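Shared between the two complexes below is chain A, which has chain B as its partner in the first and chain C in the second.
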Partner chain A sequence: MSSSSDAISPSLAASNSGRKEPSTIFLIAGAVLLAISTILLFVTGSEADPARNFSGWIVGVSFWVSIIIGMLFITMIWYLFDSGWSIVMRRQVEHAFAATPWLLVCFLPIIALVVLDPGSAKVAWTWLGHAKMSPGGHGSVEQDVLYQAKSGYLNYGALLIRFFGVFAVWIVLTQCFRKWSLKMDETGDHKYVHWARKLSAAGIPLCAAATTIAAIDWFKSMNYHWFSTMYGVWFFAASMRAGLAAIVLAMFWQSRRDGGLKGILKPAHAYLMGCIMLAFTIFWAYISFSQFFLIYSANIPEETFWYNMRELTEEGMKNSWFVISRLLIYGYFFVPFLWLLFYTNKFGWRIIAAASYILVFHLIDLYWNILPQELVGEHHEIFTRGFSIMPVDILTWLGTGCIFLWAYLKSSNQYRPIPIRDPRILESLNPNE
Partner chain B sequence: MSKPYGILALFNTAQEIYHAAESVRDAGYKRWDCITPFPIHGMNEAMGLKRSLVGAFTLVGGLTGFTTGMTIAWFAGEFNYPLIVQGKPFFSFVFPFPVAYELTILLSAFGTLIGMFLTNRLPRHHHPVMDYSNFHRLTDDKFAVVIETDDPLYDEAKTKRFLEELHPAEVVVLENKEEVKA
Partner chain C sequence: MKTAKQENAPTRPNELLGPEMSPELLNQRVGDEARVRARAWWWWLALFATAGGVFMMFTAITWVLAKGVGIWGLQIPVAWGFAIINFVWWIGIGHAGTFISAILLLLQQDWRNSINRFTEAMTLFAVACAGLFPLLHLGRPQYFYYLIPYPNEMGLWPQFRSPLVWDFFAVSTYGTVSLIFWYLGLVPDLATMRDRTKPGLRKKIYAFFSLGWLGRDQQWKDYRALYFMLAGLATPLVISVHSIVGLDFAVSIVPGWHSTVFPPYFVAGAIFSGFAMVATLVIPIRKLFKLEGMITTRHLDNIGKVMLATGMMVGFGYVSEVFFEWYSGDAFEMQTLMDRLTGYYAPVFWTVIFCNVISIQALWWRGIRTNPWLLWILAGVANIGMWMERYLIVVTSLGHDYLTSSWQDFNATGWDWALYLGTLCFFFFLVVLFVRLIPMVSMHEIREILHERAERGKEAS
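The block that comes next holds the complex of A and B.
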């Protein structure tokens, strides 16, 4: 037991006064980048593809939202299984949870665009504009029988209610878990753990519904003709990979800081995170492949066109998404799968490399899922949007990332690096493989 | 009666055997083992054990399964009985994937099981440690270190003295009775 109390002492040294880190620089940088991006969103946009910036904005913000979703799910899973090894990592997650309300703010410019003019050509949710031409349909959106059948779900009022409802779920859950855990640092009252476990039991289905609705509304509804029951699960799986990778990066970064996790983080923590990263790498592949496999086997045009867009041009030639499709199979599944399969790759720089790699490919995965869309040209010809990286994508991604990091750093400078009064903290300080 | 099987040192707590294992490791013994009623965390490092080979068996099993599944589908579709189904190719990596995937899992499991038996040299119905009078306690609340006579560093007097220095509850020379039973 003596080794346990030795391990806890560095955290006690880090008092609430803490260090002064330049976290406000991230806030300023994020605000400036997002302001420029907002201007570009409202002012620029090509004639042929006016909604491209809108989609790029969704990619940029969703990347960070998905990290929060992954972290939220893993937190609730940890609570429900009463896991002991994870407590040290959970505080990193709670620091990141401080960013959740700010991510809603980062989303507001496109919501403003929708509210100002739902029918605008800049809005990628084409079904909001009833007079727009419907790709693959017959005539305009409001004449499209597929839209008419789905209009009970896909309409302006319901969209806004769902948008804020989904964020309400994420914000309430994340802020409760964060507040309770931080409260327990002060009072040492274990009732907060019991509250958190109860909230997790309700939170898992709520968050599952919210994540599915987000995936359907934000990404899938851009092409409302298509349907897939796997889509919400895909977003969950992708979010888990991103969230776990972000936790790994955060914990290793903290392990180099005095008053962070220096001297606290053990190789076994990395190993256990590596195992769960491997599990979700396989799960992501399983879900993504299942979706493709069922559509491939059924072979009906209502569904296959979604994959065709990601491989072929209208003339049947390979388009720019073909390479990315292949890259996702080999680069996003086989490489990290084989890498994480080996014991020695779950430690030190090798797992940092895996986590960084997964985050890069997560962004590519979001691009691949969101951007390829059928567009209607000037002369009613249909073409597929190709792969491109626009200034708005970069600015939004970076800007939201800066806001995210600012919220994380602010919280981690203010509060202890581990929940020192959690009933299972000793288990987590002495983890076993 | 041949030479003894080895020398056993009995310990009362997990802490004691953990540190005893570290000492035996540092003394350079190679053919020795710890017998405990439950897994003790960190024992692998304390004993200086390398990673188990079972993972390699699992990998070989998995790869065999995947290749078998794909080969069956290729043989049937492309070679033995080409049949057009829904305009799909005779062979593709997509549609036989569930078959290959299931076989990967099945043969990985077989590989793991076989690997575990081979690396542990199982099945084995008797072991000289089972003749130890306190053996039943080793499955309950006692812990033992056994150094085999086959160890290159083994010397009955020296090894016995070495084990006694670790402050065990008792030190016993284990006879090798296998030949007597046969």
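The block that comes next holds the complex of A and C.
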């Protein structure tokens, strides 16, 4: 990172043409890993918990999708606030946006599983299998009055429409922002910034709706009896944390590269990113605590079971999720909160450590939200899936990550590291320290 | 020398201050002219009209103290009625003040400098109005101090698990910090007023309250540090206060109240209604006191944008609530939903949707955001909409709870309206006094912007 006194001009930044990073290797690795994971998804699965791999797949892909969601929101916020300081970082986000359509492709194996046999025991969205036994002693799913009440929303056709609908929103928004910014590099026409601002205004409510629907469909509907109006907001908060952390890692990696952000990135950029990360750490805690606290206070069985699953076995003993639950409170809130509170921790390796740490805990948070599920055993006994890490989880997470990196690097190799002709680029290159 | 026409020339939408603004004109407009203008006939008319309303408020208070809360439309199961509706509404209005003065300060939004003094005062007046309702609603307001956890021989302790007790702590802390924050911001300007006032009682009062401010470097350094620290303290406070107000409802299991999204939804609603009140007050005062050079079209534009953004969040909350009441599959939640959509309270529900969701869509257009009178009308509509939203939440849920035989429709009495309208007049009465007695724009912060503008001009030349 260059010091604050090194004033830099856009032409100097644009003249950087460093070496290209290998990207195809990530594509090959990602394809191989996802192919193995797909085979495991379709072929394997324990008798007691055949849908475990399905849930693991959702964890693996959702991690990368949430990074894109967070990046998309922060990009729209930057545009709407006409933010000047952030422009040099925006191109890293636009490189990552190249991965959005590919994330849809990474999701397709589980959608294929749903399309081929919605009632399959391997599908974790139990409500799709009407003949399946409903957890909670309500008979089969189709006899379950709570399912009947929600069936207008939770049904096969609507699920597929919503699934492709939410991806359509994310893909259209990310590709428009990326394309316009790159076009502006070529033409220097500032109309693209005005277009992006207008799209951001419309995009925020659209993206809020898409994110909420994704959270309900992908995660919450696994325990379809449960409901919480806060859940979409939680996914937004979690995605923001992940997106911001990923931006910090990308910008610091680029700041060490010739042809990247070397000589461009200033301490002020890191500091301001640290401030936003702190704000969203608090916001995530506020949202998560509010949801827990209100359900705890009301103490209604229809709601409390969701938290009980994350603490207790059916016999009332502590289960494997108990430790994770505590870890999230202390590790995912207090530690990064106290760390980022200090001025010096918003620079250099300290903020890189914070960003990496947040991404690790984001994965744990997704595990905690997605995996625990009430299951019906062979003799109709109810049990909760415990914490475990399966090969499909690792393969999907790594495979999707490789595809994400491939798309990012391919774009990074091809285009300039900063939006050189943005009208406020000078402000960003020389921010107030 | 600029002509009056030039001084009041409309500014371009992106300007923080009018081109004619200078330190001298600032002192003149906010310091000297404001006091002269505040002796005009319309000021006296406003004072007497609102004083009449204040008399009505005290009459309503006296009567409720004499007769008890039975004079209101309260009827079990609707035990909260207007008192809590008004409390939530007023607290919400107070929010914009702290949002502007503290959160926008931390976000380095310079446009706040022209309106923060005004909105901080608005916060204090709104909190004063809000605090009145729970006290009167206690039934025995003379024992209000039971809310305070003090050691006593009766072994009486507050119920710490009740959000109403959290309200007491949250609102009193919020009120105290807001008062200190407001007063701290006033000190340099009171010193300016002291220096510009002729010797006499008024000068002595200004001198007393300006705490010996001389504008030395060290004073400014300490002042800035303290101001930012208070902004840091006020930020979580402003979020927590309305979150706790949201918890008043959401911790219970009353249909339509128990919704986990209530804390952030209430905060968004509070900022929305607060900004609507800011626009309601700022637009006429800007015109009457010729403050167009300080409160420019850019300020109106930004107020409109914040209203649009927070209104959309409130709209998201409505959709969420409606969807999850249906999705929960709970018969009572569904009943509450149907009551609101098609029942006795349907006109209220649809008015809320019109005022808080549909009408504000007009704010997508810059032409409407920067047109003072259109913005003023939309702000008034939002004020009405937010009050009705509180009405909808409080009354519809309580009126139709789990015991069908006890269902009651709520009808407010004249005393309910007298007290509500009385507090509205009390609020405006305080505003009318404020614009006469205290610098209504933060002069030292405007000087900062003027200084920066002058420096930029030098660099450019």
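One rule holds for everything that comes next: the second predicted complex is superposed on the first by the 411 of 433 C-alpha atoms of A that agree within 3 Å, B and C clash if a C-alpha of one lies under 4 Å from a C-alpha of the other, contacts with A are read in each partner's own complex, and residues count from 1 in each chain.
As a convention for this text, a residue touches a chain if its C-beta (ideal position, glycine included) is under 8 Å from a C-beta of that chain, and two chains touch if they have at least 3 such contacts.
These figures come from a predicted structure and were not determined experimentally.
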Point to revise | chain C versus chain B on the shared chain A, clash or fit after superposition | key: clash
Exercise for review: Go through the superposed model and pick first if A:A353 touches only chain B, second if only chain C, both, or neither.
Suggested key: neither
Review point. Should A:V105 be classified as contacting the first partner (chain B), the second (chain C), both, or neither?
Key: neither
Practice item. Go through the superposed model and pick first if A:S297 touches only chain B, second if only chain C, both, or neither. Key: both
Review point. If you count the residues of chain A that each partner touches, which comes out higher, chain B or chain C?
Key: C
Point to revise | Touched partner set for A:A168, first chain B, second chain C, both or neither | key: neither
Check your understanding: Which of the two partners, first being chain B and second being chain C, lies in contact with A:Y343: first, second, both, or neither?
Key -> first
Point to revise | Partner chain(s) touched by A:S228 [first = chain B, second = chain C, both, neither] | key: second
Exercise for review: Once the structures are superposed on A, label A:A149 by its partner contacts, choosing first (chain B), second (chain C), both or neither.
Suggested key: second
Review point. Touching chain B and also chain C: which chain A residues?
Key: 293, 297
Study note, to complete from the structure: In the complex, the residues of chain B that touch chain A are 41-42, 51, 55, 59, 86-88, 94-95, 97-98
Study note, to complete from the structure: Touching chain B in the complex, chain A uses residues 289, 292-293, 296-297, 299, 341, 343, 432
Practice item. Provide the residue numbers of chain C that touch chain A in the complex, in ascending order. Key: 239, 243, 247, 250-253, 258-264, 312, 316-317, 320-321, 324, 326-330, 364
Point to revise | Touch list for chain A against partner chain C, complex | key: 145-146, 148-150, 153, 201, 204-205, 208, 212, 227-233, 286-287, 290-291, 293-295, 297-298, 300, 302
